[in-house]
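For reference, chains read A, B, C, D and E in written order, and residue numbers begin at 1 within each chain.
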Amino acid sequence: MTFLSFLISGLSLGSVYAIIALGYTMVYGIAKMLNFAHGDVIMVGAYVCFFATTRGNLHPVFGVLLAMVVCTILGVVIERLAYKPLRAATSLAVLITAIGVSYFLQNSALLLWSSNPKVFTSVVGNASLKLFDGQLTISVIAIVTIVACLIIMAALTWFTGKTKMGKAMRACSEDKGAAQLMGINVNFTISVTFAIGSALAAIAGVLLCSAYPTLMPTTGSMPGIKAFTAAVLGGIGSIPGAMIGGILLGVIEIFGKGYISTQLSDAIVFSVLILTLLIKPTGLLGKKINEKV
Amino acid sequence: GGTEKPPAETPNAGGKEPAATAFKIGGTGPLTGGAAIYGNAAKNGAQIAVEEINALGGIQFELKYEDDEHDAEKAVNAYNKLKDWGVQMTLGSVTSTPGVATSAEMFNDRIFALTPSASAPAVTEGKDNVYQMCFADPNQGSASAQYIADKKLGTKIAVIYKNDDVYSKGIYNTFVSKAKELNLAIVSTTTFTEDSQTDFSVQLADAKKNGADLIFLPMYYTPASLILQQAKSMDYSPKYFGVDGMDGILTLENFDTSLAEGVMLLTPFSADATDERTVNFVKKYQELFKETPNQFAADGYDVVYAYKKAIETAGITPDMKAADICEKLVQVFPTISVDGLTGEKMTWAKTGEVSKTPKGMVIEKGTYVGMD
Amino acid sequence: MLKVDNINVFYGAIHAIKGISLEVNEGEIVTLIGANGAGKSTVLKTISGLLRTKTGGINFLGKDITSTAPHKIVERGLAHVPEGRRIFLQMTVQENLEMGAYTCPSGGIEAELEKIYALFPRLLERRKQVAGTLSGGEQQMLAIGRALMSKPKLLMLDEPSMGLAPILVEQIFTIIQEMNKAGTTVLLVEQNAQMALSIADRAYVLETGSISISGTGRELAESDEIRKAYLGG
Amino acid sequence: MIVLKKSTRKNLTTYALVIVAYIIVQLLISGGNISSSLQGQLVPICAYVILAISLNLTVGILGELSLGHAGFMSIGAFAGVVACISLEQIIPITILRLIVSLIVGAFFAGVAGFLIGIPVLRLKGDYLAIVTLAFGEIIKNIINILYVGLDKAGLHVSFLSDANALNLGDGGRVIIDGPLGITGIPKLSTFTIGFVLILITLFIVLNLIDSRSGRAIMALRDNRIAAESVGIHITKYKLMAFVTSAALAGAAGTLFAMNYSTIIASKFGFNTSILILVFVVLGGLGNIRGSIIAATLLTILPELLRQFNSYRMLLYAIVLILIMLATNNDAFKSHLQALKERLLPAKFRKEKGGTENG
Amino acid sequence: MDKGDVNMLPVLEARDLGINFGGLMAVNGFNMAIGRTEIAGLIGPNGAGKTTVFNLLTKVYQPTHGTILLDGRDTQNMNTVQINKAGIARTFQNIRLFSNLSVEDNVKLGMHNHIHYGMWNGILRLPAYWKGEKQAHEKAMELLSIFDMESLAGKQAGSLPYGAQRRLEIVRALATKPLLLLLDEPAAGMNPSETAELMDNIVKIRDTFQIAIMLIEHDMNLVMGICEKISVLNFGKVIANGNPSEIRNNPQVIEAYLGKKREG
């Protein structure tokens, strides 16, 4: 029974990572940049939803929608102002700019909303399912997160694989110049990528804070880094990979704590990551690209 | 509610140039970053005290707080900035690790420090001119164990502490050794870190599995609030015992206070106390900062009043050099007794440690109630 | 159809194109020849909008496109087979071809695909192969095929014969001529000056960023100067 | 007139820059014209300069993104300080003890670099980056559960429990106390030592780059397959760069730690790694002189912004973004180039091309 | 073919070489022997497997079957680096220079295993460093002079015009002191007059260094002009072997590769 309850905790933590990782992968796989500000967009999304539901008394559904709208706009604006001028620069230059944006968002949040933590009200309430005479509890938010994660993964897979915009995104991710020669509006495509990534960030923020309700200006940064790790573990650019990577990371974290040592939990998670990559150097579902010589 | 709305950095009651008529006091603390709540609280508390004292027209203070991002390196930078400004006595650093670093500098520079909240023993150890306003961590640890044993609060105890945090680990260390001494049964010890402070299901499951009926939580209230919430969703309802960092949990915006029902803690301050001094302070704080003050704010407030008392006793004047002030304060501090928000008749040992009695509090219906 | 008027292009501080003007009329095959590094590829990249000119203007189908975004230019009917092929290495052959038809309504793609596969049976064989693992020549075929997918009005080819077997070079030139007969205007950059001149209506010779000679294909092919410099004696 | 190789000329300028900066600062100090704030930052600036140079060796010269450089810094910091405290009786001369500590710090970090490098360097690109990040976090986690004490019997080491498990004898001293880190560190680092260490670092890195081994390392970066085809042993040279980089970071860590009375493991986490990376990228990949300047300026910048109080870090973020936009945007760069051309007579103008080495 | 070659062990012998890419036999049953100072050509339609043969010989790919004897030694367990040390150097169809390094450094990298001083000698600038670098510099200049490229020594390799880059790749390969030099489409992107010059140089290299050269090329002027022996590959199999005139008139080759109406 302990095993099962650990597994469930792992799945629910993992699905939060996964949902963040999906947004990460979207931008990471297509714009080919590590958007370290992603975690902070998540934080903004959570704050928007928080204020909308507590101070604005909006229904949670509208809270989430509003958060998505705000984050989408924020994502697109950030892309336009901070990343677009660097289209021709090295990816590292963009990475550093993203770090600047991350600091910017965190410190703006600090000034706007103060450093005092807020307690987020779960958008689906705190109900939980009790199984085996209450020996096993599954919270509703965990179920919602996992389901949301699956739906988003499926939708993204369909979108990038089947739609015209999705194909344009793949083309941009490989060669922006050639994509332009195909008649693809690269700037627009990348904006759409950021819009989707940021909308997902809003959802992720709301779900993250529903499950783990402390909300602070730094709330997004650690989950952001873990989700990035998860995205790499799953294989860069692979949408199902991001999800599997996220869930695995969560499960390993909980099992590591539960069965080995809480003191070593970070080391365990990262050791498993390293071992996995040593065995499979392109992540779990990453494509092995053999360079033609 | 912003932290930075209040009037001016350095209020000047008379409207005249403070120059040599005001004492320059300053401190460092995390005003940005993940620990910013503590720094801002201490700063705000001190600021209220400065405004009050300046309004009296006697001793005048000029207060400056520099951001240290909860980092030893930045804290030394911040402290040096204060030196350039001409600081005459300091409020040290708000948190422990930066506190250890800055207090070593202040010891060398002969600038007196009274820190509101840097509670690690290493902050004061071997430094005759560094004093604490808060309990030192070991005291909290052993006092908590003693309290639990005396009142027979729990038979099987679980401890969850933050493994990469000086404060949390410091209290844990002495709690454990004292508990051993008192034959308290610790049945579960688990940890978490800055990087993994979201999910506590494993820690709670361990405590539950081992039948713990009391969980000792030497940590700040933010992770504690998550523990309370997650335990509830597991249908696990042990007693909780916290330390001074737990204070503030009721002020968390939008917190479901019923989760904290029955949580006990040792703290020198509670915002719900009904004495005039506290009521007055809380009211002012809420007006200025739109938040309820926590214990850091109270400690910051008390530090300024302690300085006032010491200055009066020692006959120090604003035109004196920092080093001279330091020598006088070193002599006078062990002799004075101060009444403040965090304790009546507080006195200091020559080691810099404060002596005040912690109050055992329990949360009932969303307010703190004295346990004794 | 295409009118390039006194363009100047820079790579940072390097002045790569120094006041070039040229014209391509509807239905023509025009070729640009010149030594390595003369700036041929740069001219093509500037026309398709990948690079910007500092001065002067470019007019395509009666509209000024000097500062039009590349994708808009492509939509107007220009296709560019860039130097170095620039195929999408991680996509399959077929996906690459489909990308070529990005601006076209999705209906007619099938027919167009079939045409390309008929031209290059090799590509049909390798339809599902990841383009990055194709041989050099196969990649070149794919790059040309991809450009043809959009049924362009003006086709710009940058060294299409590079790396192709002799038999294929012939084929490519035949294809160019056929396409031209069917109404596609062609601007061709070639190292293989002899072949290029033999099918070109007109030609321009580029020398370190400026046009040194221009004339009809035949005139240039017969000029001694050109023979010596570009046709190997 | 002796004509120096372009890279030699560049390197000499770099040395000159460092030496002149040192002299100016010393003059300011002796004249009492320097603020405590700036003076307090001199040693950390030296440490960050060394860290930036060493990371540039991995990121700029070897071409592999590392997100865990602070891990090596922390190994150097803890190992160096433990050495320093343990040797208190044996080597009473402080300067000598500091030098030994620096070497110990560099050695341990180098060994860690070697052990980590062997598996890690088989990976590529972002996968490698994430694994270095992971190692950085693991190092942090391990130091957090590491207890080291000293008594007459020598060093005692214990994991996972607490300082009591060290079973120290009478008069024993706990040196590393798990998450509490080390306290009571003697403040032995000085600006002059830092300066000398920078010169040594420059000497090692610049000479390495401009030698047979350095060429091989840069060849790996530019084209791995071609490098193999001319007979260059990939792993050997990757490791050489990685280990050198780690060892220098270790020395910098010791220098840094010996400037503060306390260090804790969490200081050397992801954020610090990123900070060093920011120096490197801002200064220019492969550009050693750029790293020095960027590390110095970006360390001072947040202190200069203190007057803006609570807006300080926000401004820092904005400045960082603006600098990145300014230095990496083509349009902006060509404006800058044009300006330079107008201002500088032709013969002083730098030739384009060649890697930036110094 | 040089007279001396006839009685000597071939520098390279490939027997029944083959590789399978997930079901596709890119090269199948490839046999070839190259004399010590021979210039051999490898031609064939696009995708026939020519580059793959080079990749097999240099162990960029491990052959699925077959043997390669280099100077009589089986190369079964060698990797790319060891192959180079044992005597095969190559250029690439897609230019692979160390494009951020100078032209001279590119050549010195070719000489990497022939410069003998270690890391510490380099860092500490011991005499071995100065001696090694001086020799390397002189040798690099000498090699660059083959293509009259001494004046480009300080230029960044990536900034050279395409043709110069191709030539530099050859110089770099030569610097490894190979017994056998593999050139993959050395004349691609060159105009006829540049190609003519390249042909002279290839012959000159063979004559001065007394090494074997094997080249892949689609420019028939070059192949027919300088190769002493030509193998034609189609669908991974050798379909013809012989001297230029034999190949030129082989109907199978004309059908698959040359086409009926030939240029030039």
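One rule holds in what follows: a contact is a pair of C-beta atoms (placed from the backbone, for glycine too) under 8 Å apart; a residue touches a chain by one contact, two chains touch by 3 or more.
If you want to know which protein each chain is, UniProt gives these names: A = Amino acid/amide ABC transporter membrane protein 1, HAAT family; C = Amino acid/amide ABC transporter ATP-binding protein 2, HAAT family; D = Amino acid/amide ABC transporter membrane protein 2, HAAT family; E = Amino acid/amide ABC transporter ATP-binding protein 1, HAAT family.
Being a predicted model, the structure only gives us computed values, none of them experimental.
*Asks:* Give me the chains shared as neighbours by chain A and chain C.
*Replies:* D, E
*Asks:* Which chains sit in contact with both members of the pair chain B and chain E?
*Replies:* A, D
*Asks:* Taking mean CA positions as centres, which chain lies farthest from chain A?
*Replies:* E
*Asks:* What chain lies farthest away from chain C once each centre is taken as the mean of the Cα atoms?
*Replies:* Result for the farthest chain: B.
*Asks:* Round to the nearest whole Å and give the separation of the Cα centres of chain A and chain E.
*Replies:* Distance between chain centres, rounded to whole Å: 49 Å.
*Asks:* Counting in whole Å, what is the centre-to-centre distance of chain D and chain E, each centre being its mean C-alpha position?
*Replies:* Result: the chain centres lie 43 Å from each other.
*Asks:* If you average the CA atoms of chain B and of chain C, how many Å lie between those two points?
*Replies:* Centre separation, chain B to chain C: 73 Å.
*Asks:* Residues of chain C touching 2+ other chains?
*Replies:* 133-134
*Asks:* Of all residues in chain E, which are in touch with two or more distinct other chains?
*Replies:* 51, 60, 92
*Asks:* Going by the touch rule set out above, which residues of chain A reach two or more other chains?
*Replies:* 107, 110-111, 263, 266, 291, 293, in rising order.
*Asks:* Would you mind giving me the full set of chain pairs in touch?
*Replies:* Touching chain pairs, listed by label, are A-B, A-C, A-D, A-E, B-D, C-D, C-E, D-E.
*Asks:* Under the stated contact criterion, what part of chain D meets chain B in this complex?
*Replies:* 35-37, 39-41, 44, 137, 140-141, 144-145, 162-164, 178-181, 183-184, 187, 256, 260-267, 302-303, 306, 309-310, 312-313
*Asks:* Inside the complex, what are the residues of chain C that reach chain D?
*Replies:* Counting only chain C, the residues touching chain D are 10, 12-13.
*Asks:* Which bits of chain E are touching chain C when the two form their complex?
*Replies:* On the chain E side, the touching residues are 21, 43-51, 93-94, 161-164, 185, 188-196, 218, 220-221, 256-259, 261-264.
*Asks:* In the complex of these two chains, what residues of chain C are touching chain A?
*Replies:* 48-50, 69-71, 74-75, 79-80, 82, 86-91, 95, 98-100, 102-103, 106, 132-134, 146, 150
*Asks:* Quick one: in the complex, what on chain B touches chain D?
*Replies:* Listed in rising order, the residues are 3-4, 9, 31-33, 66-67, 69, 71-74, 76-81, 83-84, 97, 100-101, 103-105, 120, 122, 125-126, 163-166, 169-170, 173, 176-177, 193-195.
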